[in-house]
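Labels for the chains are A, B, C and D, by order of writing; each one numbers its residues from 1.
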Amino acid sequence: MALLEASNVVAGYGETEILHGVSISVNKGEIVTIIGPNGCGKSTLMKAIVGLVRVRTGAVRFRGVDISRLEPEQTVRSGLCYVPQSDNIFPSMTIRENLEMGAFVRRDDFRHRIDEMFELFPDLKRSARMKAGRLSGGQRQMLAIARALMLDPVLLLLDEPSAGLAPGLIHTVFERIRGINETGVSLLLVEQNARESLRMSDRGYVLSGGDNQIEDSGPALLNNPEVGRLYLGG
Amino acid sequence: MTDSSPILQVRNVTKDFGGVRAVDRCTLDVMPGTITGLIGPNGAGKTTLFNLAAGDLSPTSGQILFDGRVISGLRPHQTFARGLMRTFQIPRELRRMTVLENLMLVPARQSGERLWSTWLTPWKVARQERQIQARAIDVLELVNLAHLANDLAGNLSGGQKKLLELARTLMAQPKMVLLDEPGAGINRTLLRDLSANIVRASVERDVTFFIIEHDMRFVMAMCDPVIVMANGGVIAEGPPTTIQRDPRVLEAYLGGYVNGPA
Amino acid sequence: MDIGGVIDYLVGFAIMAMIYAIFTLGLNVHWGFTGLFNIGIAGFFALGAYTAALLTSPPPDPEQFEDFVFGGNLAHHDVLAWGIDAWFFLGIAAAAAVCGLVALIIGSITLRLNDDYLSIATLGIAESVRLFFLNEKWAANGSKGLYRIPKFLGDLIPAENYDYLYIVVVLIVLLILFVAVQRAARSPWGRVLRAIREDEVTTAASGKNVSHFKLQSFVFGAMIMGVGGALFAHHVRFLSPLTFDPLLATFVIWAMLMVGGSGNNVGAVLGAFVVWGVWAGTQFLPGVFSDPSFRLLMIGVLIVTIMLLRPGGLLGEWRRIVARRPAPAAGRDATGSD
Amino acid sequence: MGFLPFVKLGLVANGIIFGSVIALGAIGLTLVYGILKLGNFAHGDYMAFGAYVAFFIVDGLLPRAGIEGAGLGPFTFGFPVLIALPLSAIVVALGAIALDLLIYRRLRQRGASTAILMMASLGVAIAIRGLVQLIWTGDTQHYPRESRQVYHLPMDVRIPPDGLFVAIVAVILVAGVYVLLTYTKIGKAMRATSDNPSLALVTGINTKHVVWWTWGIGGALAAIAGVLLAVVQAQLLPIMGWKFLIPLFAAVILGGIGNPYGALIGALVVGVSMEVSTQWINPSYKPAVAFAIMIGVLLARPRGIFGDSQ
């Protein structure tokens, strides 16, 4: 059984319907990437899964349980953590406090987890008492991911982790993501940077116009000429 | 067909938000009379560039010229007065006002906007109102919204709000319009109407359009040239067919050969 | 009570209701048309009333006004020197001008900032004006107050018939202001104000200088309130800083606009009559209902109820009443988009 | 001390006492402002209500149980006030939460604008004052008191023992708020919600609880501020809270909206300025001084002296 299974999800904002029935799944241990041209509904799909956008019809099952009616605060407790694309840190709190907020729903002692995060992201350790608002773009992204990892999530949802980063940093971020996956966390990524993310993905989906278009293994999608056509028409 | 001097010139413009650089030494020209497309992956800085040109933001460095004069740093109503109008990605209609009122607001230098003229020269105001209303109805007919003239704008559908945004720009009779994703969230039929309206305005009213759009069919069918932004700067520019075949553009979308070819 | 007494009472009632209607019109310009949140109406009320009173009052009698040294004898020569009671009208105009000036100064500082600041600033204006007239005994006799404020047309009309004259004056002023506000509200000027109320960004993108228009609205509304204050001064003919407590000089006016329907000038006038009628009427009720504190409580509850049930007021905006659809839940839309 | 030789130190001391009362009110106001985006015009009336609830306990309730008294040690008030202080805080805290459930939550769910929220809070302010006047009349009241000698400190500083009490209570509470916001889970959740509400939601923070805590803390601090104000002013008046709004908002704006530490500093600046100004101008102009400071700050630094520049 798939870890996460979204079937025929219809969702949108106000009167506008963005997703017209999208189905995706993530199996345990996988990295799955969703790509597609701007405005295809990738981010909306993420938000629908975590409960920030209401799912109008269709179902989202996580470990077999329907989570499509849960509040975001409840989906987090079930082991599904989400990193938004931007504004994904608490700027006036210190880095350590940001990590503590990530563990908000944990009831056990999570100090060792903070240390683990500092080991994974040494940059953050050096400035643990600094206000997060003073971090650079790349460090912010790292902090946001570390924050989400504080819960030992089963599945991590990352919305465009490479957005707005310098090319050199993008590579580092993807390295880290691969490292996270190796510790047993399954990942669902929405990415603009299709090539790099598909290369390390087990599977990928291409969305366009709020519908599923193609599903294939990561490398196979990379070589599919149809993908380019979906982006640039023609 | 195009003049020799560009109507909009972006000169080495940079915009930082805190630690994030949204627009990075961007330089581009838009020629008068064209329908120029602006495409690029998310976070490329397109909307920020529009905000800078329209006066909603000030650049950190660099200059923007419109019609040969510097406009960067002006406030929105001042860029409007120069003949540059923008629309919003998510329509911002005036909800509790009618569709007609939404349009009648737009024309500049209405004598009735001076408080005293509503008392001292009401006949002048009334005459101008009649003219403006007639024009507004013309524009509404153009975009097929005339039957909704007296409905509250807040009650329009998403697609109709998009048309209202376009109608507002037609009402202003600007020299140039910045359209931010006019096609997002509207259906095929409306999209066709919209394109037809843009082309007509461009030809008949001599308006220059600069359009951010993600629907590639729309861009390829209408825009020439197309400018491609990525990471805050321009990476390619040219006629749509060339852009479509340009490997750099696809790379920008798919994530380039940052560490050598894949 | 004989018929004459009833009529006298009704005339007095109508005068006050109409004066309140003027304030409600001014508040409608602020809140109903522009969305400016003025909770310091009392400040403009007092400023208008004192300005008019000081300009028209006879020179102070040292026996009664120990500290009061303000000139005040400008109008003393002869109230009818110019054929009509020019000083009376000059006083009203000056009241409007002073209120407009204060609004101009405070508005130009606060209106370009966050909207919340204006409301706090209006509170500050109200308190500062009250403190000024309370403490500066030389200006307005402090807490003992100003009395013997002249009647319109002086002693030409016997005191017992003054209300019958004055109701005509107030009615005419109210009519003039009503027409002026109505014209302005329905003109392109009013359209810009309503556009600002709906969405400032769109209005700016339509080429309108938002902060200028907000300032115009704030000044215009404040001037109307000044006129209301001036008319009040010549009606009650006694002013003290205690007259302008927030209850009767600010909150009641808000309740009137809420009841009448913000954005609706007819509603504003109607609301003034209804609320003032209820206010005046309840004093004849037995027990707790005539207690001013109970009425204060009711005004608060009324405002909250209207905010919860009909934010547009009972009558709604003059254009039409439209069923409100629930807005999408705020705050649930996370950041970032496709 | 040499510095500012023209300022009377006694006034500075009074200013600090007064400022600490402002601080208790302003911290609650700024927390509500930051987390709920609501400039709460009823905050002053929460203070007044708290003072009157304490009055009811001291004057009506406790005497029946045989607990009475004034002139505890060096202070004018008696032991009952110490009992009433926490009780009143609890009552107002619960009241503030109840009002949120009854009014503000519904408005938020409807997506009401901040102006509508503020308007509703104005209605609440009026209603509370009406209620207070209805129950306790509009006349001046005071807690049972015995007059006491003031302390004479060096440099001609004289402070009433009550003032000392007020300052100490305020210091303890401000320290408590600091500990709460810095070290406790709910305090951090409050700061996180104020910082980035939608991220707080996906982090698993129960924003509903955060809202309750915010009102609870704001209400409790307001109630205590009200009691302390009644103690230093030696009287209760229904309008005391409304009159206090200007210094409260001035402190909040001075410190940057939503910033509790800024509000503390802002409150001390406002309090000291108001007191020291009496050296040159009529003391009854104190609220106008607070207003002038606020306008001055808005002119120079619209986001407050300690506000972020972003």
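Rule of thumb we're sticking to: a residue touches a chain if its C-beta (ideal position, glycine included) is under 8 Å from a C-beta of that chain, and two chains touch if they have at least 3 such contacts.
Because the structure is a prediction, the values reported are computed rather than measured.
Between A-D and C-D, more C-beta contact pairs are found at C-D.
Placing every chain at the mean of its C-alpha atoms, the farthest one from chain C is found to be A. Centres computed as Cα averages put chain A at a distance of 56 Å from chain C.
Between the CA-based centres of chain A and chain D the separation comes to 43 Å, rounded to the whole angstrom.
Separating the CA-averaged centres of chain C and chain D is a span of 31 Å. Centroids of chain B and chain D (each the mean of its C-alpha atoms) stand 49 Å apart. Multi-chain contact residues of chain C (touching two or more other chains): 328, 332-335, 338. Among all residues of chain D, those that touch two or more other chains are 198-199, 201-202, 207, 310.
In chain A, the positions touching at least two other chains are 14, 18, 38-39, 52, 84, 87-88, 133, 160. Those residues of chain D that touch chain C in the shared complex are 39, 41, 103, 106-112, 114-116, 118-120, 122-134, 137-138, 197-199, 201-202, 207, 239, 242-243, 245-246, 249, 253, 257, 282, 284-285, 287-288, 290-291, 294-295, 298-299, 302.
Across the complex, chain C is touched by residues 42, 54, 56, 75-77, 80-81, 85-88, 92-98, 101, 104-106, 108, 110-115, 118-119, 122, 125, 128-129, 152, 155, 168, 172 of chain B. Considering their complex, residues 50, 52, 71-73, 76-77, 82, 84, 87-93, 97, 100-102, 104-105, 133, 147, 151 of chain A touch chain D.
Interface residues of chain A facing chain B in the complex, by the touch rule stated above, are 14-16, 18, 35, 37-39, 133-137, 140, 160, 162-164, 166-168, 170-171, 191-197, 199, 222, 227-228, 231-234. Chain D contributes residues 185, 188-189, 191-192, 194-196, 198-207, 308, 310 to its touches with chain A in the complex.
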